[in-house]
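What follows is a set of structures for review.
The two complexes that follow have chain A in common; it is paired with chain B in the first and with chain C in the second.
Then we have the complex of A and B:
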């Protein structure tokens, strides 16, 4: 490596500060989630697991007044809703996104560019616009706001993400393998199931993971179309922050960050498998 | 069996496309059209709508309340302009922060590059509420920034860092930085480093090289990044909600208020349409310019 110029050194220092800016705030939450000071959560007062114990309803050394999550049930219920919504929406969106990606990659037809646009628009549409459009629609059409409306709402934009990921995978595939399958007498369905699907599977799984994490994290759209009993985790946390900063939020936030890192690592693992096959 | 006399290929295509077409028609295009319709309906007395054509929702955005010309009060126009201003500031900040870093990352070894890209994509996966909450912890009166400044003796009384335009910009920059970095990085990565050498050999100063070679070649990434940051910033309501308070309302907060508190759905729909119109203008200019470039003009 050649010797660094002063400008190059300045650039390195600047970049280090950039990554610090990106990660320090989040790391701060993790550190202070173990802080035992219940009054000012930013003044270090000793190490504790109490906030973690408190959110799971376990016995803590805290007095009743400093405990904040009035019911662990609410929190766990929100988590359960988030998981149900994310799993169902991912399932539907993966099916819709994959079938559309296969159709657009393998067939030439008149509405080709229309479908590309149709799947592009929900992704760039600002969350709040999509959220209130769905709210007006659901209320007008007589839907009861709840998990089912959130699932439908999430599918409208998750389909696009799956579509993008699977399309990228299909673009890197040799179409001759499918032609060979057809030459050997397989019909469309057999070719899809035995040739296309195994080859695009890493893309499908990657797309599914991406949509699962986006669904788990979605706040704005869910905020508008969730019912009273169907709060998801991000909406629940927004409510907590709005009511006041309490140490339990740090613990919940830390657990969510941990979860995100695990899923992200899994996603990147699949992506690396994705690229190493060709 | 096959009354429409379709080939197997056509049947397969229809089978593949029907579910998504139906789903998006009912649950995406439908709601969008209904929202457009709502923006032309009169708000009813108790939160409902009157089903007749009413254009004063749009008049109200510009400042004429319910068609009475005397009461011109551009309160919504001001909020709209403030939203645009804060979004532009966010775009500029992310651009200036990310551009140099993208160059730095492109000079690293393949392994370190992969690590940096991983670090840039990781925030995509982390919850947005949690990342914003970090800034609430830092910026509030008894927060980390004030504690730090007091400890160093720079200030004696806590500064009001929250509930300001600056706090909103910091929050939006923080959550949208990856949207700016990744497109810029991909165009910087594609930049042929030999061109820089060639420009220098031909006697250009570093600044001229930047202005005439580097900047034009990375412009597609810059433009893509700016659009990807500007559009979600404009309609954002969570950042101003948590960090801006009542003083720094943005158009997103107005929409939320119309739907959840004021119960004036037609006006909320109208404000949403304003966001869509602005988004459409930006995207059409972008598509027009990029197709013109592709055509070689």
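Then we have the complex of A and C:
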């Protein structure tokens, strides 16, 4: 190997610090989620699974007074809400985003590029603006805030994410394959089902998984449009922290991290699958 | 087969017209009022440089583009109102456009699956089509596992399996290397003879057109310049464009200065050239075509009267079997000849006497309109 110049060495050190800066807080959370010190969560006091057990309402070695999760039921309920919202919003957004992407990629019509622009806007719109706008809209239109409003709200920006991922996939596809299908006697629906959809499927699945994580993770917009009975996991955690930082937070954060990593890895796997489709 | 006698007007293109807007706002006639008839079971080539309208015409026949005006009849029926998927026409695309997610068998069987042909017959016909293109037994492979030449054959098998009335081929050989291309040219011609269906082949490669076609349609800026057999197109081009586009050519401009009972004398910038063409009028402007291979360094009067030209040699290029001689005539115009290996030393600057059969000289009236023709 070539000998490193001083500048090269400096850059290596810089990149180590860069990644340390990026990941140290996350790694600390994972480590301290196993810390048995119930009073000061950042002082290491020994290894324990108690915080994980406590989240799930299992028997722990903690005394009653040191248990911080108000109610395991509430936590699990928030998790369930999050899963329902994420699953429903993902389903709707994937359908809308995919069909929009196909329409914009394959047909030319009036205001074509304007529609494309409109689909990018929700991604750059500040969450707080979208949250307030949705809240005013829902209240004005007489909706009762609950899971359904969160699902509708999430769809407004998740559709954009699916659209972008699927559009990229469509752009990489040889449009002549669709012409070939029509040439061989397939009508537009048969062509979509047998040729277009299988070829863009990795993008569709990737977009869906991305939507799912973003929906699970969304705090700001959800905070505005969730009702009393429809607390999602991020909103619930925010509520917990308000009443003091408690050791279970670390364990919950670690579990969410694990979940996100699994979903994101699956998403990346599907997105990169058969990228060379020419 | 519906008819035992091949119809001379199996496909009729009537006054086909198609315009495009350029980004600058101008109008281009991609097809300028083209009329054309094609006989059943004929191998016809649309030949022309890029932008001449040949691909547009193919797309219109396939149903991927629409005509502004005009009509296309296939076996007596207008097809221009039918969507692409209902036309009894199949296409072999330039980039093959195989379905990357399907096996070779599913690619070839696609048309039959859409038509809901039963499994047994479908598999049998897939195997037959693959055998026809020389690729039997590779049903389970994916297109990405095949070479370019094999993909080409799969695309061909996929297009013929529906037994179309007409097969369109959009420069299908352009991506192949030269040897494979020559082999595929012969195979395509054999396949066409075997199937007995009409092939419309689009290419910009004049050699390819000459090798395979029964008839060649030379297109130039949306118009038909000439329709004819490869022999006619090569030896008796009707326009200067066709003469230049097909094969190597020496083209001289001249004017008829005298007439006799044998023919005419044509003056080309100081060179006087004699032609047997009696149709030319005194004072008429004319283009003269002499193919380089019709010129020889040695006289040979056995096949008819010969004439000669003097050329100053500038460059000699060895092309395997022959020598290309490039130089200029006494009037300064560039000229070239193709000769066999010769004992005469070829030195730059040398004066060479070139002999040719007077009958090999082809004349093209300088003002020649495009034709609307029938085959």
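Assume the second predicted complex is superposed on the first by the 273 of 278 C-alpha atoms of A that agree within 3 Å, B and C clash if a C-alpha of one lies under 4 Å from a C-alpha of the other, contacts with A are read in each partner's own complex, and residues count from 1 in each chain.
Everything that follows uses one rule, which is that contacts are C-beta pairs under 8 Å (C-beta built on N, C-alpha and C of every residue); 3 or more make two chains touch, one makes a residue touch a chain.
From a predicted model like this one, the values you see are computed outputs, not experimental measurements.
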{"item": "Overlay on chain A: chain C relative to chain B, clash or fit", "value": "fit"}
{"item": "Partner chain(s) touched by A:18 [first = chain B, second = chain C, both, neither]", "value": "first"}
{"item": "First, second, both or neither for A:109, with chain B first and chain C second", "value": "first"}
{"item": "Partner chain in contact with A:260 - chain B first, chain C second, else both or neither", "value": "first"}
{"item": "Comparison of chain B and chain C by chain A residues contacted", "value": "B"}
{"item": "Partner chain(s) touched by A:179 [first = chain B, second = chain C, both, neither]", "value": "second"}
{"item": "Contacts of A:187 with chain B and chain C, given as first, second, both or neither", "value": "both"}
{"item": "Contacts of A:76 with chain B and chain C, given as first, second, both or neither", "value": "neither"}
{"item": "Cα-centre angle that chain B and chain C span when viewed from chain A, reported as a multiple of 10 degrees", "value": "90"}
{"item": "First, second, both or neither for A:195, with chain B first and chain C second", "value": "second"}
{"item": "Distance of closest approach, chain C and chain B, by C-alpha atoms in Å", "value": "9"}
{"item": "Chain B and chain C footprints on chain A, overlapping residues", "value": "187"}
{"item": "Chain A-facing residues of chain C, complex", "value": "62-64, 83-86, 89-91, 93, 95, 97-101, 110-111, 114-115, 144, 158-159, 162"}
{"item": "Complex contacts: residues of chain A adjacent to chain B", "value": "8, 11-12, 14-15, 18-19, 21-23, 25-26, 28-29, 32, 40-43, 95-97, 99-100, 102-103, 107, 109, 115, 118-119, 121-122, 124-130, 132-137, 140, 152-153, 155-156, 159, 187-189, 213, 216-217, 219-220, 224, 234, 237-238, 241-242, 245, 249, 253, 256-257, 260-261, 263-264, 267-268"}
{"item": "Residue ranges of chain B touching chain A (in the complex, touch as defined)", "value": "8-9, 12-13, 16-17, 19-20, 23-24, 27-32, 34-35, 38, 97, 100-101, 103-105, 107, 116, 118-131, 133-138, 140, 142-144, 147, 174, 177, 231-232, 234-238, 241-242, 252, 255-256, 259, 265, 268-269, 272, 275-276, 279, 283"}
{"item": "Chain C contact footprint on chain A (complex, rising order)", "value": "174, 176-177, 179-187, 190, 194-195, 198-199, 274, 276-278"}
